[in-house]
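For reference, the structure discussed in these notes is given below.
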Amino acid sequence: MRQATTILSFDTPGRGFTDITRAIAGWLEGTGVAEGLLTLLCRHTSASLLIQENAAREVRTDLAAWFDRLAPEGSHYAHDDEGADDMPAHLKTVLTGVNLQIPVIGGHMMLGTWQGIYLAEHRLVAHRRQVAVHLIGE
Amino acid sequence: MRQATTILSFDTPGRGFTDITRAIAGWLEGTGVAEGLLTLLCRHTSASLLIQENAAREVRTDLAAWFDRLAPEGSHYAHDDEGADDMPAHLKTVLTGVNLQIPVIGGHMMLGTWQGIYLAEHRLVAHRRQVAVHLIGE
Amino acid sequence: MRQATTILSFDTPGRGFTDITRAIAGWLEGTGVAEGLLTLLCRHTSASLLIQENAAREVRTDLAAWFDRLAPEGSHYAHDDEGADDMPAHLKTVLTGVNLQIPVIGGHMMLGTWQGIYLAEHRLVAHRRQVAVHLIGE
(Lines give C-alpha, C1' and ligand atoms only; values in the text may rest on other atoms or scores of the structure.)
Protein backbone atom coordinates (compact mmCIF):
# COMPACT_ATOMS: atom_id res chain seq x y z
CA MET A 1 0.00 0.00 0.00
CA ARG A 2 1.32 3.45 -0.83
CA GLN A 3 0.33 7.10 -1.05
CA ALA A 4 0.83 9.93 -3.51
CA THR A 5 0.01 13.59 -2.89
CA THR A 6 0.24 16.81 -4.83
CA ILE A 7 -1.10 20.32 -5.08
CA LEU A 8 -2.49 21.05 -8.53
CA SER A 9 -3.07 24.63 -9.73
CA PHE A 10 -5.78 25.71 -12.14
CA ASP A 11 -6.34 29.09 -13.77
CA THR A 12 -10.03 29.93 -13.89
CA PRO A 13 -11.36 32.56 -16.33
CA GLY A 14 -13.65 33.98 -13.64
CA ARG A 15 -17.14 32.82 -12.72
CA GLY A 16 -17.97 29.47 -14.26
CA PHE A 17 -16.98 25.83 -14.36
CA THR A 18 -13.60 24.37 -15.35
CA ASP A 19 -13.57 20.67 -16.24
CA ILE A 20 -10.57 19.21 -14.41
CA THR A 21 -11.38 15.54 -15.06
CA ARG A 22 -8.53 15.03 -17.55
CA ALA A 23 -5.96 16.76 -15.37
CA ILE A 24 -6.88 14.54 -12.43
CA ALA A 25 -6.98 11.39 -14.59
CA GLY A 26 -3.57 12.27 -16.01
CA TRP A 27 -2.04 12.69 -12.58
CA LEU A 28 -3.64 9.44 -11.40
CA GLU A 29 -2.26 7.55 -14.39
CA GLY A 30 1.23 8.82 -13.59
CA THR A 31 1.10 7.26 -10.13
CA GLY A 32 0.55 3.75 -11.49
CA VAL A 33 -1.97 3.00 -8.72
CA ALA A 34 -4.57 0.50 -9.95
CA GLU A 35 -6.89 0.25 -6.94
CA GLY A 36 -7.34 2.96 -4.35
CA LEU A 37 -9.06 6.08 -3.14
CA LEU A 38 -8.57 9.54 -4.65
CA THR A 39 -9.42 12.62 -2.58
CA LEU A 40 -9.59 16.26 -3.71
CA LEU A 41 -9.73 19.38 -1.53
CA CYS A 42 -10.22 22.85 -3.02
CA ARG A 43 -8.13 25.15 -0.81
CA HIS A 44 -10.37 28.22 -1.10
CA THR A 45 -13.53 29.70 0.38
CA SER A 46 -14.97 31.18 -2.82
CA ALA A 47 -14.35 28.32 -5.27
CA SER A 48 -15.51 24.74 -4.93
CA LEU A 49 -15.59 21.25 -6.42
CA LEU A 50 -18.50 19.27 -7.81
CA ILE A 51 -19.28 16.27 -9.96
CA GLN A 52 -21.89 16.89 -12.63
CA GLU A 53 -23.00 16.18 -16.16
CA ASN A 54 -20.19 16.37 -18.72
CA ALA A 55 -22.32 16.21 -21.87
CA ALA A 56 -25.08 18.84 -22.17
CA ARG A 57 -23.53 22.29 -21.79
CA GLU A 58 -26.93 23.71 -20.80
CA VAL A 59 -26.75 21.91 -17.46
CA ARG A 60 -23.92 24.20 -16.42
CA THR A 61 -25.78 27.27 -17.66
CA ASP A 62 -28.79 26.32 -15.55
CA LEU A 63 -26.57 25.45 -12.61
CA ALA A 64 -24.95 28.91 -12.68
CA ALA A 65 -28.37 30.58 -12.85
CA TRP A 66 -29.58 28.46 -9.93
CA PHE A 67 -26.53 29.42 -7.85
CA ASP A 68 -27.37 33.07 -8.52
CA ARG A 69 -30.99 32.53 -7.48
CA LEU A 70 -30.08 30.81 -4.20
CA ALA A 71 -27.20 33.17 -3.37
CA PRO A 72 -27.92 36.48 -5.12
CA GLU A 73 -25.75 39.56 -4.95
CA GLY A 74 -27.29 42.31 -2.87
CA SER A 75 -26.84 44.91 -0.18
CA HIS A 76 -28.05 42.67 2.62
CA TYR A 77 -24.70 41.09 3.46
CA ALA A 78 -22.56 42.16 6.42
CA HIS A 79 -19.41 40.96 4.63
CA ASP A 80 -18.73 43.04 1.52
CA ASP A 81 -15.05 44.01 1.85
CA GLU A 82 -14.13 42.41 -1.44
CA GLY A 83 -17.08 43.41 -3.59
CA ALA A 84 -20.65 42.36 -4.30
CA ASP A 85 -19.68 38.95 -5.67
CA ASP A 86 -17.69 37.96 -2.57
CA MET A 87 -20.31 36.82 -0.06
CA PRO A 88 -22.43 35.04 -2.71
CA ALA A 89 -19.20 33.21 -3.66
CA HIS A 90 -18.76 32.01 -0.07
CA LEU A 91 -22.37 30.80 0.03
CA LYS A 92 -22.07 28.91 -3.27
CA THR A 93 -18.91 27.29 -1.94
CA VAL A 94 -20.81 26.06 1.12
CA LEU A 95 -23.64 24.83 -1.14
CA THR A 96 -21.38 22.59 -3.21
CA GLY A 97 -18.56 21.84 -0.80
CA VAL A 98 -14.81 21.69 -1.33
CA ASN A 99 -14.27 17.92 -1.14
CA LEU A 100 -14.57 14.99 -3.53
CA GLN A 101 -13.62 11.32 -3.12
CA ILE A 102 -13.44 8.89 -5.99
CA PRO A 103 -12.78 5.16 -5.74
CA VAL A 104 -10.19 3.90 -8.23
CA ILE A 105 -10.60 0.42 -9.75
CA GLY A 106 -8.55 -1.05 -12.60
CA GLY A 107 -6.54 2.17 -12.80
CA HIS A 108 -9.63 4.28 -13.52
CA MET A 109 -11.72 6.66 -11.45
CA MET A 110 -15.11 5.06 -10.89
CA LEU A 111 -17.02 8.07 -12.23
CA GLY A 112 -20.25 7.33 -14.07
CA THR A 113 -20.46 7.79 -17.85
CA TRP A 114 -21.96 11.27 -17.58
CA GLN A 115 -19.95 12.49 -14.62
CA GLY A 116 -17.19 15.06 -14.91
CA ILE A 117 -15.19 16.78 -12.15
CA TYR A 118 -15.61 20.54 -12.13
CA LEU A 119 -13.78 23.31 -10.35
CA ALA A 120 -16.43 25.98 -9.81
CA GLU A 121 -15.10 29.53 -9.72
CA HIS A 122 -17.59 31.73 -7.86
CA ARG A 123 -15.72 35.07 -8.06
CA LEU A 124 -16.29 37.26 -11.13
CA VAL A 125 -12.65 37.64 -12.13
CA ALA A 126 -9.96 35.14 -13.04
CA HIS A 127 -8.16 33.35 -10.21
CA ARG A 128 -5.46 30.76 -9.79
CA ARG A 129 -6.94 28.01 -7.60
CA GLN A 130 -5.22 25.15 -5.78
CA VAL A 131 -6.57 21.64 -5.33
CA ALA A 132 -4.85 19.35 -2.83
CA VAL A 133 -4.82 15.77 -4.09
CA HIS A 134 -4.34 12.58 -2.08
CA LEU A 135 -4.23 9.02 -3.34
CA ILE A 136 -3.87 5.82 -1.34
CA GLY A 137 -3.83 2.39 -2.88
CA GLU A 138 -1.64 -0.06 -4.72
CA MET B 1 -3.67 -2.97 5.48
CA ARG B 2 -5.96 -4.00 2.64
CA GLN B 3 -8.66 -2.71 0.33
CA ALA B 4 -12.01 -3.97 -0.91
CA THR B 5 -14.06 -2.40 -3.69
CA THR B 6 -17.37 -3.11 -5.37
CA ILE B 7 -20.13 -1.55 -7.42
CA LEU B 8 -23.53 -2.02 -5.76
CA SER B 9 -26.77 -1.58 -7.74
CA PHE B 10 -30.04 -0.36 -6.29
CA ASP B 11 -33.47 -0.21 -7.92
CA THR B 12 -35.26 2.99 -6.96
CA PRO B 13 -39.06 3.27 -7.29
CA GLY B 14 -38.74 6.79 -8.71
CA ARG B 15 -38.47 10.05 -6.78
CA GLY B 16 -37.79 9.47 -3.09
CA PHE B 17 -35.32 8.03 -0.63
CA THR B 18 -34.06 4.45 -0.47
CA ASP B 19 -32.42 3.42 2.82
CA ILE B 20 -29.24 1.57 1.81
CA THR B 21 -27.70 1.39 5.31
CA ARG B 22 -28.27 -2.36 5.70
CA ALA B 23 -26.93 -3.19 2.26
CA ILE B 24 -23.75 -1.24 2.96
CA ALA B 25 -23.40 -2.72 6.45
CA GLY B 26 -23.86 -6.22 5.03
CA TRP B 27 -21.15 -5.71 2.44
CA LEU B 28 -18.82 -4.23 5.08
CA GLU B 29 -19.38 -7.21 7.38
CA GLY B 30 -18.46 -9.57 4.57
CA THR B 31 -15.04 -7.95 4.19
CA GLY B 32 -14.05 -8.68 7.78
CA VAL B 33 -12.41 -5.26 8.11
CA ALA B 34 -12.59 -4.03 11.72
CA GLU B 35 -11.02 -0.58 11.45
CA GLY B 36 -10.98 1.51 8.33
CA LEU B 37 -12.57 4.06 6.05
CA LEU B 38 -15.61 3.38 3.88
CA THR B 39 -16.28 5.61 0.85
CA LEU B 40 -19.38 5.73 -1.35
CA LEU B 41 -19.77 7.42 -4.74
CA CYS B 42 -23.13 7.60 -6.53
CA ARG B 43 -22.27 7.28 -10.23
CA HIS B 44 -25.09 9.50 -11.53
CA THR B 45 -25.94 13.16 -12.05
CA SER B 46 -29.63 12.99 -11.08
CA ALA B 47 -29.44 10.78 -7.99
CA SER B 48 -27.37 11.41 -4.86
CA LEU B 49 -26.33 10.20 -1.41
CA LEU B 50 -27.07 11.66 1.98
CA ILE B 51 -27.02 10.78 5.65
CA GLN B 52 -30.18 11.75 7.51
CA GLU B 53 -32.64 10.79 10.21
CA ASN B 54 -33.69 7.15 10.11
CA ALA B 55 -36.55 7.36 12.61
CA ALA B 56 -39.28 9.93 11.87
CA ARG B 57 -40.62 9.31 8.36
CA GLU B 58 -41.87 12.92 8.22
CA VAL B 59 -38.30 14.18 7.96
CA ARG B 60 -38.03 12.64 4.50
CA THR B 61 -41.42 14.05 3.49
CA ASP B 62 -40.28 17.54 4.50
CA LEU B 63 -36.92 17.02 2.84
CA ALA B 64 -38.56 16.12 -0.49
CA ALA B 65 -40.81 19.20 -0.28
CA TRP B 66 -37.79 21.38 0.48
CA PHE B 67 -35.90 19.99 -2.51
CA ASP B 68 -38.90 20.90 -4.68
CA ARG B 69 -38.98 24.41 -3.23
CA LEU B 70 -35.28 25.05 -3.83
CA ALA B 71 -35.19 23.40 -7.27
CA PRO B 72 -38.71 23.61 -8.71
CA GLU B 73 -39.79 22.30 -12.06
CA GLY B 74 -40.48 25.08 -14.56
CA SER B 75 -40.00 26.45 -18.03
CA HIS B 76 -37.00 28.56 -17.11
CA TYR B 77 -34.33 25.90 -17.66
CA ALA B 78 -32.15 25.74 -20.79
CA HIS B 79 -31.68 21.99 -20.33
CA ASP B 80 -34.99 20.16 -20.76
CA ASP B 81 -34.19 17.36 -23.22
CA GLU B 82 -35.26 14.66 -20.82
CA GLY B 83 -38.36 16.23 -19.33
CA ALA B 84 -39.39 18.73 -16.69
CA ASP B 85 -37.98 16.70 -13.81
CA ASP B 86 -34.49 16.43 -15.32
CA MET B 87 -32.82 19.76 -14.53
CA PRO B 88 -34.32 19.95 -11.01
CA ALA B 89 -32.84 16.46 -10.50
CA HIS B 90 -29.38 17.72 -11.44
CA LEU B 91 -29.73 20.66 -9.03
CA LYS B 92 -30.85 18.44 -6.13
CA THR B 93 -27.88 16.20 -6.84
CA VAL B 94 -25.53 19.18 -6.53
CA LEU B 95 -27.33 20.23 -3.33
CA THR B 96 -26.72 16.94 -1.56
CA GLY B 97 -23.60 15.66 -3.31
CA VAL B 98 -22.69 12.17 -4.50
CA ASN B 99 -20.06 11.26 -1.89
CA LEU B 100 -20.08 9.85 1.63
CA GLN B 101 -17.23 8.71 3.89
CA ILE B 102 -17.76 6.75 7.05
CA PRO B 103 -15.07 5.76 9.55
CA VAL B 104 -15.26 2.10 10.62
CA ILE B 105 -14.35 1.17 14.20
CA GLY B 106 -14.83 -2.24 15.82
CA GLY B 107 -16.32 -3.57 12.60
CA HIS B 108 -19.12 -0.98 12.59
CA MET B 109 -19.77 2.19 10.63
CA MET B 110 -19.48 5.12 13.03
CA LEU B 111 -22.91 6.50 12.13
CA GLY B 112 -24.82 8.20 14.93
CA THR B 113 -27.89 6.52 16.45
CA TRP B 114 -30.30 8.46 14.25
CA GLN B 115 -28.27 8.43 11.06
CA GLY B 116 -29.17 6.32 8.05
CA ILE B 117 -27.59 6.29 4.58
CA TYR B 118 -30.03 7.21 1.83
CA LEU B 119 -29.85 6.98 -1.93
CA ALA B 120 -31.96 9.90 -3.15
CA GLU B 121 -33.64 9.35 -6.51
CA HIS B 122 -34.46 12.73 -8.05
CA ARG B 123 -36.05 11.54 -11.32
CA LEU B 124 -39.78 10.79 -11.33
CA VAL B 125 -39.57 7.28 -12.67
CA ALA B 126 -37.83 4.14 -11.44
CA HIS B 127 -34.10 3.79 -12.14
CA ARG B 128 -31.32 1.31 -11.46
CA ARG B 129 -28.55 3.26 -9.74
CA GLN B 130 -24.93 2.31 -9.10
CA VAL B 131 -22.87 3.15 -6.04
CA ALA B 132 -19.11 2.62 -6.16
CA VAL B 133 -17.82 1.41 -2.79
CA HIS B 134 -14.26 1.55 -1.47
CA LEU B 135 -12.95 0.28 1.85
CA ILE B 136 -9.44 0.51 3.22
CA GLY B 137 -8.41 -0.80 6.60
CA GLU B 138 -7.53 -3.98 8.44
CA MET C 1 0.95 2.48 6.74
CA ARG C 2 -1.21 2.82 9.83
CA GLN C 3 -4.52 4.14 11.06
CA ALA C 4 -5.73 6.17 14.01
CA THR C 5 -9.36 6.74 14.98
CA THR C 6 -11.21 8.59 17.71
CA ILE C 7 -14.53 10.13 18.62
CA LEU C 8 -14.13 13.79 19.63
CA SER C 9 -16.87 15.59 21.57
CA PHE C 10 -17.63 19.30 21.32
CA ASP C 11 -20.00 21.41 23.39
CA THR C 12 -21.87 23.90 21.23
CA PRO C 13 -23.49 26.98 22.76
CA GLY C 14 -26.58 26.53 20.54
CA ARG C 15 -27.11 27.78 17.00
CA GLY C 16 -23.88 28.97 15.42
CA PHE C 17 -20.42 27.90 14.35
CA THR C 18 -17.68 26.37 16.52
CA ASP C 19 -14.16 26.49 15.08
CA ILE C 20 -12.72 23.02 15.66
CA THR C 21 -9.60 23.45 13.51
CA ARG C 22 -7.20 23.57 16.47
CA ALA C 23 -8.74 20.57 18.19
CA ILE C 24 -8.40 18.51 15.00
CA ALA C 25 -4.85 19.76 14.35
CA GLY C 26 -3.89 18.91 17.93
CA TRP C 27 -5.20 15.37 17.62
CA LEU C 28 -3.45 14.95 14.26
CA GLU C 29 -0.15 16.14 15.71
CA GLY C 30 -0.43 13.58 18.49
CA THR C 31 -0.59 10.73 15.98
CA GLY C 32 2.77 11.61 14.44
CA VAL C 33 1.44 10.89 10.95
CA ALA C 34 3.23 13.06 8.36
CA GLU C 35 1.42 12.10 5.14
CA GLY C 36 -2.10 10.78 4.99
CA LEU C 37 -5.82 11.38 4.75
CA LEU C 38 -7.96 12.75 7.57
CA THR C 39 -11.72 12.14 7.54
CA LEU C 40 -14.38 13.67 9.80
CA LEU C 41 -17.98 12.53 10.25
CA CYS C 42 -20.46 14.50 12.36
CA ARG C 43 -22.66 11.84 13.99
CA HIS C 44 -25.87 13.92 14.06
CA THR C 45 -28.77 14.92 11.83
CA SER C 46 -29.14 18.51 13.05
CA ALA C 47 -25.49 19.60 13.22
CA SER C 48 -22.97 19.52 10.40
CA LEU C 49 -19.41 20.20 9.27
CA LEU C 50 -18.09 22.76 6.85
CA ILE C 51 -14.89 24.45 5.78
CA GLN C 52 -15.15 28.22 5.47
CA GLU C 53 -13.41 31.52 5.97
CA ASN C 54 -11.60 31.82 9.29
CA ALA C 55 -10.84 35.55 9.17
CA ALA C 56 -13.83 37.88 8.67
CA ARG C 57 -16.42 37.13 11.34
CA GLU C 58 -19.14 38.67 9.15
CA VAL C 59 -18.95 35.70 6.78
CA ARG C 60 -20.41 33.50 9.49
CA THR C 61 -23.10 36.07 10.29
CA ASP C 62 -24.15 36.14 6.64
CA LEU C 63 -23.93 32.36 6.41
CA ALA C 64 -26.32 31.95 9.36
CA ALA C 65 -28.77 34.43 7.82
CA TRP C 66 -28.58 32.57 4.50
CA PHE C 67 -29.28 29.24 6.20
CA ASP C 68 -32.38 30.83 7.78
CA ARG C 69 -33.52 32.15 4.40
CA LEU C 70 -33.14 28.79 2.64
CA ALA C 71 -34.57 26.75 5.51
CA PRO C 72 -36.88 29.03 7.50
CA GLU C 73 -38.84 28.05 10.56
CA GLY C 74 -42.57 27.78 9.86
CA SER C 75 -45.77 25.81 10.24
CA HIS C 76 -45.42 24.05 6.90
CA TYR C 77 -43.33 21.10 8.12
CA ALA C 78 -44.80 17.65 8.81
CA HIS C 79 -42.00 16.93 11.31
CA ASP C 80 -42.25 19.24 14.32
CA ASP C 81 -42.05 16.89 17.32
CA GLU C 82 -39.01 18.62 18.74
CA GLY C 83 -39.90 22.25 18.10
CA ALA C 84 -39.86 24.83 15.33
CA ASP C 85 -36.07 24.78 14.96
CA ASP C 86 -35.89 21.02 14.42
CA MET C 87 -36.82 20.50 10.77
CA PRO C 88 -34.87 23.59 9.59
CA ALA C 89 -31.89 22.07 11.44
CA HIS C 90 -32.23 18.83 9.45
CA LEU C 91 -32.40 20.79 6.19
CA LYS C 92 -29.34 22.88 7.01
CA THR C 93 -27.49 19.66 7.83
CA VAL C 94 -28.35 18.27 4.39
CA LEU C 95 -27.26 21.57 2.81
CA THR C 96 -23.76 21.46 4.27
CA GLY C 97 -23.24 17.74 4.79
CA VAL C 98 -21.67 15.84 7.67
CA ASN C 99 -18.38 14.80 6.06
CA LEU C 100 -14.98 16.39 5.48
CA GLN C 101 -11.73 14.95 4.12
CA ILE C 102 -8.42 16.68 4.37
CA PRO C 103 -5.14 15.52 2.82
CA VAL C 104 -2.18 15.68 5.24
CA ILE C 105 1.27 16.59 3.89
CA GLY C 106 4.36 17.31 5.97
CA GLY C 107 2.37 16.72 9.15
CA HIS C 108 -0.12 19.48 8.33
CA MET C 109 -3.67 19.52 7.07
CA MET C 110 -3.66 20.93 3.53
CA LEU C 111 -6.26 23.61 4.32
CA GLY C 112 -5.89 26.90 2.49
CA THR C 113 -4.75 30.01 4.34
CA TRP C 114 -8.31 31.24 4.90
CA GLN C 115 -9.95 27.91 5.58
CA GLY C 116 -11.12 26.82 9.01
CA ILE C 117 -13.09 23.72 10.02
CA TYR C 118 -16.42 24.53 11.61
CA LEU C 119 -18.93 22.45 13.49
CA ALA C 120 -22.28 24.05 12.68
CA GLU C 121 -24.91 23.69 15.40
CA HIS C 122 -28.35 24.11 13.84
CA ARG C 123 -30.50 23.61 16.97
CA LEU C 124 -31.25 26.68 19.11
CA VAL C 125 -29.99 25.29 22.41
CA ALA C 126 -26.62 23.97 23.52
CA HIS C 127 -25.71 20.39 22.58
CA ARG C 128 -22.81 18.01 23.00
CA ARG C 129 -21.87 16.83 19.51
CA GLN C 130 -19.66 13.92 18.44
CA VAL C 131 -17.30 13.88 15.48
CA ALA C 132 -15.84 10.53 14.35
CA VAL C 133 -12.26 10.97 13.16
CA HIS C 134 -10.25 8.62 10.94
CA LEU C 135 -6.66 9.00 9.82
CA ILE C 136 -4.67 6.75 7.52
CA GLY C 137 -1.09 7.40 6.52
CA GLU C 138 2.45 7.10 7.74
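A, B and C are the chain letters, set down in written order, and residue numbers restart from 1 in every chain.
As a convention for this text, a residue touches a chain if its C-beta (ideal position, glycine included) is under 8 Å from a C-beta of that chain, and two chains touch if they have at least 3 such contacts.
Fair warning: this is a prediction, and the values are worked out from it, not measured in the lab.
In terms of which chains touch, the assembly is arranged so that all chains touch all other chains.
Two copies of one chain, chain A and chain C, touch each other, and the residues they use overlap weakly: the shared fraction of interface numbers falls below half. Taking the mean of the C-alpha atoms as each chain's centre, chain A and chain C sit 20 Å apart. With touch defined as above, residues shared between interfaces to two or more other chains in chain A number as follows: 1, 37, 70, 95, 97, 99, 101, 136. Within the complex formed with chain B, the residues of chain C that make contact are 1-3, 5, 7, 37, 39, 41, 43-45, 70-71, 76-79, 81, 87, 90-91, 93-95, 97-99, 101, 130, 132-134, 136. Every residue of chain B that touches chain C in the complex is listed here, in rising order: 1, 35-37, 50-53, 56, 58-59, 61-63, 65-66, 70, 95-97, 99-105, 110-112, 114-115, 136-138.
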